[in-house]
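Starting off with a structure, shown below.
First chain written, first letter: the chains are A, B and C, and each begins at residue 1.
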Amino acid sequence: MTGALHRNPVMVGLVVLTIAFILAPLVIATVIGFSSSPFLTFPPPGFSLQWFRRFLGDPEFIASLRNSLVIAGLVTVLGTVVGVLAAYGLDRLPRGPVKAVISGLVLSPLVLPIIVLALALFLFLANVDLLGTFTGIVVAHLLIAVPLVTNMVSAGLSTLNPSVTEAAASLGAGPWRNFGLVVLPQVASAIVGAAVLAFLFSFNDVTFIAFIGGADVQTLPLKLFAYIRYQLNPLIGAVSTLFVFSTLIVIVTFDRIVGFDKLVGIKD
Amino acid sequence: MTGFRVPAFLQAISAWIALAPVLVFMLAFFVLPAIGLVQISFYPHTAGTVLTPGFTLAHYAKVLTDPFYLSKMLLTLRVCALVVFFSLLLAYPVAYVLVRGRFAGKGLMIGLLLSPLLTNFVVLVFSWILLFGPGSFLMKGLQPLFGAGFKLLYSESGLVISLVHVAFPYALIPVITAIAQIDKSLEEAALSLGAGPWKTFFLVVLPLSVPGALSAAFVTVTIVLSSFAFALYIGGDSVLIVPLLIWQAVRDTLNWPLAAALSVSSFLVIFALLGIGMHLAGLTRAQRRLA
Amino acid sequence: MSAIELRNLTKSYGGLPALQPLDFRVEDGEFLSILGPSGSGKTTLLRMIAGFITPDAGSITIGNQEVSRLPPERRNLGVVFQNYALFPHMSVLDNVAFGLRMRGIGRNERTARAAEALDLVGLSGFEQRLPRQLSGGQQQRVALARAIVIEPAVLLLDEPLGALDLKLRKRMQIELKQLHHKLRRTFIYVTHDQEEALTMSDRVAVMDKGRLLQVDPPSIIYARPRTAFVAEFLGESNLLPGELRQTADGGTVFVGQEGLVVALTTGQGEVGLGKAALAVRPERLRLVPVDAAAAIKAVVETVIFKGPWLSLVAHGAGARLEVLLPNDGRTFDLVPNVGETVALGFDNADVRVVEAAT
């Protein structure tokens, strides 16, 4: 191979250390969820499921979990529909300044620090009296979800063979049937991937929620955010376990369907 | 392009119909709030009330001239620089091994390395509190090495470490993409000319991957500037970086115009960094063209 | 009935003309090849007929219908693309049945007709396969079946055999010709391969730089090229520079360099008096005794053995000439040496006068 630098022990060692660095905190947080002690001692003195029971038995936590799921679901559905349409629209625009400007506008929320967006939205929603409401939170999450979906679907569209849509047209498919029957199925995996990321983003969001949520709507991350402040005990570990495991499942399924290496550009 | 040249107006219409929802949404919830943000940054701040319209440059003046704020800006820049440096330091070996190595399970490995991206902020903060807490096994292990007064919680080092953990996946992806685009035969040519593997890496791979590194740096800075949860729980008052200042201005002192001014300023700083970065990237490209 | 009339078609991209004003007519049921090098405008022309490009000016009439403003999905043409353009997410059957589905034909009838079309191209049994499971040649046949099953007025083929290997290409050429004979529909076939065009077509339309140079049956295009470009593009041709002049008794004569004079009869070219070129195919030149009249005197530069032919490259009459001598065993005795001066003779009927090369 190319000088075998990628097999060099120093390199490989660094890589292993990095992986350990990335995974260690998550592993520890997960393990603590099973602790029998109410204190954050690691390694935990004993094994217990008390924190899971506490979490699942707490109506406020369950309510916040439900809120998070509902909001994330809504954001995913709306974000995917709007994002796919936007990607389609952008793709059909002729190349030029107009396309560049609109493209830039649609994708700019991804480039800015979330805190700037959260603050701007916070001040705006305060004015229109939507602060702390369900709608406000969905809107905030869509601000990231829509560009995210648009970006991923646009990337998928750019890999398509243009002759295929021309062939469909020559066989009698009008623009909308062409899109629905020929274009969309080909980018299905990109759409699913984007939808998953949108869902995860919304479900996990802390920044937007911290600024504009809270009053009427408690999401799970927000509840945890406050919990850390006042009650630091292994319960958060239990919740972490649930989060980490669901993330793991997502990672594995995502890799099966889409393939992380292909997503990132590694050809083999 | 997936399209073709039908009568121009027909194609244009369907494009604009499809773009309508996103444009309306962005106009209402992005453009307007952004304008509002800038507008509010000029409002005066009267203690007790939240928003009183008006015009003053006082907040920007404070941000740019007050020694307290200046020192915090510098602190933030320093933290950014450290996080960028360490994120890239970790990202490069991983990216290189992933791109050039041959082994199964690459996708899964990438997925695992991306897990901080997919995991809740709060879980991450909690993990670090666990690890950095004074009674943890980590601290107990490190104290003999660094001295009894060594602490990671509420310290700059701790904050940097936790931020590197979060920013790493974001930095990894552009670096992987950049290295994947480097033609393997360039490295092989260098080797055939007598350069060892490390030299090849530093003289060929690294310079050619600069655009990807800049992209990674940019994203990392964006992450750091958004990381108020980490700043709050891990850095605390002893590491008052700008996101925390913004948070305090909003929640504690209720000085919303100041928060707006801080946000706009940090956005301008990012913009400036991006410009410098692109200029540098353009420079290296020109150098290569001349070489 | 479904003849295609192209009138005054033009197209430019950003000031650069891709098609000069173009007029011609494709006869109903004929196999017409549009032949030209890349950049000649042939693909632009085809895509214009298909409806993917709108002309700047001019009209396209198919049958009795003016279609220039119709989008592609309403023109009822069959298009076969160079890269096949099969729908990757649909089975072979669904691919072929797609056009029928767009026309609202019910599932049972669709399936039956699609299966028929697949049988016609020799792919029965492939119905449930996916495109990525097929070889290039098989994908091409699916594309063909998909285009003919809708029974279009005209079939447009854009260099469909370009991506296939030589043997397969030759076989597909024959199959396409047979298909054309069976279906009796108009085929418009774009290619840059002159041999392909000559083999398959009823007529060949030669294009260069956006201009239509000549439209004629293959034998005529080959034997009677109208311009230097056509002469050179189809088969090899030697071009000798010179002038066309009128003789005292009203005939025309071609005066070349180094004393070459060729008397011409009618039908040997439609070029006006003045600067012109004399075109003669390499295989139509032969070695003659040095003192023969009306022969080209040339100095031999290279001798190349080409299997069934012997190629001589020589310089004479102001041009570099190639001569192809049949290798009949005896030629070896007559092979001249490099540097020798030889005389090259030809039949008067084998030369054409064309426009001078610019």
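Keep in mind that, in the parts below, contacts are C-beta pairs under 8 Å (C-beta built on N, C-alpha and C of every residue); 3 or more make two chains touch, one makes a residue touch a chain.
What you see is a predicted model, and the numbers here were worked out from it, not measured in a lab.
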More contacts between chains, A-B or A-C: A-B
Reference subunit B; chain at largest CA-centroid distance: C
Chain centre separation (subunit B, subunit C; CA means) in Å: 59
Cα-centroid distance, subunit A relative to subunit C, in whole angstrom: 56
Rounded Å distance between subunit A and subunit B, as computed from the means of their C-alpha atoms: 17
Overlap residues in subunit B, where contacts from two or more other chains coincide: 4, 6, 10
Set of subunit C residues in contact with two or more other chains: 51-52, 71-72
Two or more partner chains touched - positions in subunit A: 166, 169
Footprint of subunit A on subunit B - complex, ascending: 1-4, 6, 10-12, 14-19, 21-23, 25-26, 29-34, 36-37, 40, 50-51, 90, 93-94, 96-102, 106-116, 118-131, 133, 135-137, 165, 168, 173, 176-177, 180-181, 184, 187-188, 191, 196-198, 200-201, 222-223, 225-226, 228-229, 233, 243, 246-247, 250, 256, 259-260, 263-264, 266-267, 270
In the complex with subunit A, residue positions of subunit C that touch it: 50-52, 71-79, 81-90, 98-99, 102-103, 143, 146-147, 150
Residues of subunit A defined as touching subunit C within the complex: 161, 163-164, 166-174, 177-178, 181-182, 185-186, 188
Complex interface listing, subunit A residues touching subunit B: 1-8, 11-12, 14-15, 18-19, 21-26, 28-29, 32, 40-43, 81-83, 85-86, 88-94, 102, 105-106, 108-109, 111-117, 119-124, 126-127, 139, 142-143, 146, 150, 157, 160, 162, 165-166, 169, 175-176, 183, 200, 203-204, 206-207, 210-211, 221, 224-225, 228, 232, 236-237, 239-240, 243-244, 247-248, 250-252, 254-255, 259-262, 264-268
